[in-house]
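Which chain is which? They are A, B, C and D, in the order written, and residues in each are numbered from 1.
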Amino acid sequence: MKMKELMRLQGICKVFDKGLDELVCLDDINLTIQEGEYVCILGPSGCGKSTLLKIIGGIEKPTLGSIVMDEEVFEDGIPKSHLKDFGFVFQQHNLLEWRTVQKNLRLNLEIFRLKGSVWEKRVEEMLEIVGLQDYANIYPHELSGGMKQRTGIARALVHDPKVLIMDQPFGALDAITRNMLSYEMLDIWKKTQKTMIMVTNSVEEALLVSSRILVMNKKGEFISKIVNDVPLKARDEKIAYNDRYNELRKKLDDIVHEIQE
Amino acid sequence: MKGNKKWLNIVSPVILLIVILVCWELYVAVSGIDARILPAPHVILSKLGERFMRDLSGDFLYTIQVILIGYCISIPSGILLAALCSQSKLVTKAITPVLILMVVIPMLTLVPILQLWYGYVMKVRIIVVICQAVPIICLNTLRGFTKVETAKRELFRSMGAGRFKTFVKLIFPNALPQVFVGLKLGCIFSTIAAMSADLAASNEGLGSRISVYSGMLMTDMAYGTIIVVALIGIVLFMIVAYIEKKVVIWIK
Amino acid sequence: MSRMLDETKEKRIIERRRKNRISKISSVAMPILGIVMLFLIWELWVILGDFPTWQISRPSLIIRSMLEDFELYWPNIVRTFTSILKGWVAACLIGVVMGALMANYALLGTTLTPYINLLCTLPVITLVPMMYVFMGIGRDVIIIAIILQSFAIVTMNSSTGFMNVPVMRIELMTSLRATKRQTFFQCMFPSAINNVFTGMKLSAIFATTTCVAAEVNGSTVGLGALVIEAKTYVRTDQMFGSILFIAIIGVFFYMLSDALEAVLVKWKE
Amino acid sequence: MKASKIRTENLNKVFHTRHQDIYAVKDANIDIREGEFVSLIGPSGCGKSTIIRMIDDIIKPTSGSIYIDGKEITSYKRIPKEINQKMGFIFQLPNLFPWLTVRENVGIACRIYKIRDEGTQRYIDELLEMAGLTEYQNAYPAEISGGVMQRIGVIRAMVHKPEILLMDEPFGALDAMTREKLDMEILDIWKKLGTTVIFITHNVEEAVLLSDRVYVMGTNPGRITREITLDLERPRSLDLLTERKFQDYCAELTECIGHVDLRKVK
């Protein structure tokens, strides 16, 4: 895997107002993300994980700390000029109900002012990758949960970002769809070679797709960083029979249950 | 809806209408009530058909103009005002009580004052309709512009969308259902404002025609005119509802 | 807590206190500022334009007349207020009961819905001249007109609310073998309470407009009549005075619905 | 062999739409013994929710019959109270009434069945204590988290001491960790009260972890495709998740459910 460094988070802290008091959500996060990596942030539901993603994706500004990208240091979060390098997949699909599937994808192109036939072709391509090519003119309220989430993924990829950020992308789906989409996510990662940063609360999902897993506790600190060396070949329906997989799974389950108490 | 349920949906209101009309006819025939107090439906309709072109068409066009011009001016101005005010939270907080105050004032009370200014012209009633419709349209549109899901705002922030692009591609389309609530209420308020202005000004328009007929005890023509007014109100409302069905297609 | 976070905590607390103060002030000051600005602009516009007093009056004159001639206004205020109150309360009750019946009995619902929509758009004010002829210029005509005009919007809003109760809640009541009455009072009504109050607020606006229109058109007592009377004496300050009193009554009923909602609806959906 | 608690014979449910009739459930035959923990698993649209809604008389079946304790309930227009009080229904979303406090929500069944006696109030305290919700009892649903709300949904269905618990994907909307915790709590409740449970889920692991038997269902039309008996010893615990036998069952179940084509519009 090429080990070129994509971005580095230095001393990121985030604090939310609670009346006059404050709630510490992220406490001194230092993280280096290599290009082409699939980083999975795992942990119990709390404010930390999603907030960290929003800071990386340029939705929120960090209270403290800086982000380094292409040797440029950003003190106050990602500037607008660099947002084109990020694609954000939300937990609740977050499609615009008044636009058809295709138009939802076009939204990114319109906002990033990407015109021309190259991009039009890319819209078709992205729909093909997620298998929605013959649903281009359908409105979101006529789609099933899984298909809405696929449209969300396609939309986040359409403007060819360097990094795909996913905030519990399959959290709201039923187990069968969640399982299927995890495999599809693995394929997309292999095919597009994009850097992926994903938040999840399911150990199985993290082990299936990620190349590196970071476990975050309720106080917003990383308490464990594990390299997920389950071989790519083994990551299919039979993954449960892979010894390394079960070993890592037991280890992660123990860590997570410890946080739970 | 099962097959027969759909059919029932259309027929049952019609049956009710027929039942009412028949009872009305029977009551008038049996009780021998004075035609000036309660005329029979067929009398009303025949009188209306007979004398509509001659007597009522002038006032009919007058009232239609008042309502339509007033309403059509109120729509863009109401929405534009809401769009401007929604840009800043402070302005929204300041304008909302003013809007509520204006929505609550029956604008027909302005007729005597406006008549002092402009005399007995159509402009007076158009102003009354505008003053009654703009606040309610603006209030509802403003509510639509300020209530946007945080996830959708985050989506636009994640793409660094500017204020104008966010408004055009997110805030306005997202608020359309609430805007149409305002438009439907605006349409009802416009008809009521026009009619009450007619009654207050009483020289032209269907409203004044009704008070004239009532004064002269020509009850059948008075009822006839009321039916025409009711039709104007309903047709305008249905047009707005139809446009809503065509524009707001994404609600199940 | 990391060192950096601790050091900057003080700065953040000061900043937060400032922001709290501003938001508290603005949420109270701004609405008042809105109204004051309205009157200020009106005052300046009249003074600068030096309009003759018979044409338009100024807020300062209006308020003076509202205070000085209060005994003149008072009986009319009482009459208009009580008419609207009686008509509005009756309209709300009829509206909610009809909304409930229409939601619970599908046949009734499908049959009456078009007529309720018709009644919402029908300007009842057009019936008033005739009602005066047959029932005499009196109080009951105004109250009947208010009820006729205002109940339909409550019915429409509340029946929509009763019919859009989440299916799962109705299923819960069915699984507990609740009777139709229990299902309505313990599940449908509380779920649709917001729609009912929206209907009541709109109904208050219809009630005020219809009452004043009816008074302008015939009655001798009431703020509507006072406006016409003031016009004959070319007292523009009294005309605007009564309009402001009407506005105050209208705002009162609007706020009353809000207050009732705040008291009854203590939960968030 | 214990007596049959719930039995259905050729249960059908057909929804008529304008252009065709949709078989939500076709010829469903299930037989559940007293005290058994049985799961229904299958993709969305296979009719599993419809079946338990018919058993609890929320929806009327088009044809076929349902027997509770050997007595046919499909003959009644509205099943009598004493049969209905035997069943508790747990919904996918917490489905609490936001205007009632937690305690009032839990005791809703008593209010509807008009049970006022002192014993019930004590039993509610016991249930709240067991689920660790005593501190939340006066709070309103808007103020509490999803996991806590779902626990309230569970004990609400137990207040009137039902003999049968019908659970429609109770933990489907929760995150993985909370779900595992609540799965274990359900097993404790089931063991302690000896109720018969029909558990609906999408999650293969959850079905195998919890149940004695699993009915696998397919779509178009909604029907039961297979019935698998799981001989895993009781009491079950989370360590089971990494055992070979457990994973074999999961693989088998995933195989039965098959590759579901999610492309078609829901």
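Everything that follows uses one rule, which is that contacts are C-beta pairs under 8 Å (C-beta built on N, C-alpha and C of every residue); 3 or more make two chains touch, one makes a residue touch a chain.
Just so we're clear, the structure is a prediction, and the values are computed from it rather than from any experiment.
Asks: Quick one: which chains contact chain A and chain C both?
Replies: B, D
Asks: Most contacts: which chain pair?
Replies: Highest contact count among chain pairs: B-C.
Asks: Just how far, in Å, is the C-alpha centre of chain D from the one of chain A?
Replies: Going by mean C-alpha positions, chain A sits 33 Å from chain D.
Asks: Please work out the Cα centroid separation of chain A and chain B, and write it as a whole number of Å.
Replies: A distance of 49 Å separates the two centres.
Asks: Please work out the Cα centroid separation of chain B and chain D, and write it as a whole number of Å.
Replies: 50
Asks: Residues of chain D that touch two or more other chains: which are they?
Replies: none
Asks: Which residue numbers or ranges of chain C touch two or more of the other chains?
Replies: Nothing qualifies.
Asks: Mark out which residues of chain A touch at least two other chains, giving numbers and ranges.
Replies: Not one residue in chain A touches at least two other chains.
Asks: Taking the touch rule as given, give the residues of chain A at its contact with chain D in the complex, in rising order.
Replies: Residues 44-45, 131, 135, 138, 142-147, 168, 171-172, 174-177, 180, 201-205, 237-238, 240-241, 246, 249-250, 253, 256, 260.
Asks: What residues on chain D touch chain A, complex-wise?
Replies: Of all residues in chain D, those touching chain A are 43-44, 169, 172-173, 175-178, 181, 201-206, 238, 241-242, 244, 247, 250-251, 254, 257, 260, 262-263, 265-266.
Asks: How about chain D: which of its residues touch chain C in the complex?
Replies: 53, 56-58, 78-79, 81, 84, 87, 89, 91-93, 95, 97-99, 108-109, 111-113, 140-142
Asks: Please give the residue numbers of chain A that touch chain C in the complex, ascending.
Replies: My answer: residues 11, 13, 15, 17, 20, 22, 24, 27-28, 63-65.
Asks: Sort out for me which residues of chain B touch chain C in the complex.
Replies: Answer in residue numbers: 8-9, 12-13, 15-16, 37, 89-90, 93-98, 100-101, 103-106, 108-110, 112-113, 116-117, 132, 136, 185, 187-188, 191-196, 199-200, 206-207, 210-211, 214-215, 217, 219, 222-223, 225-226, 229-230, 233-234, 236-237.
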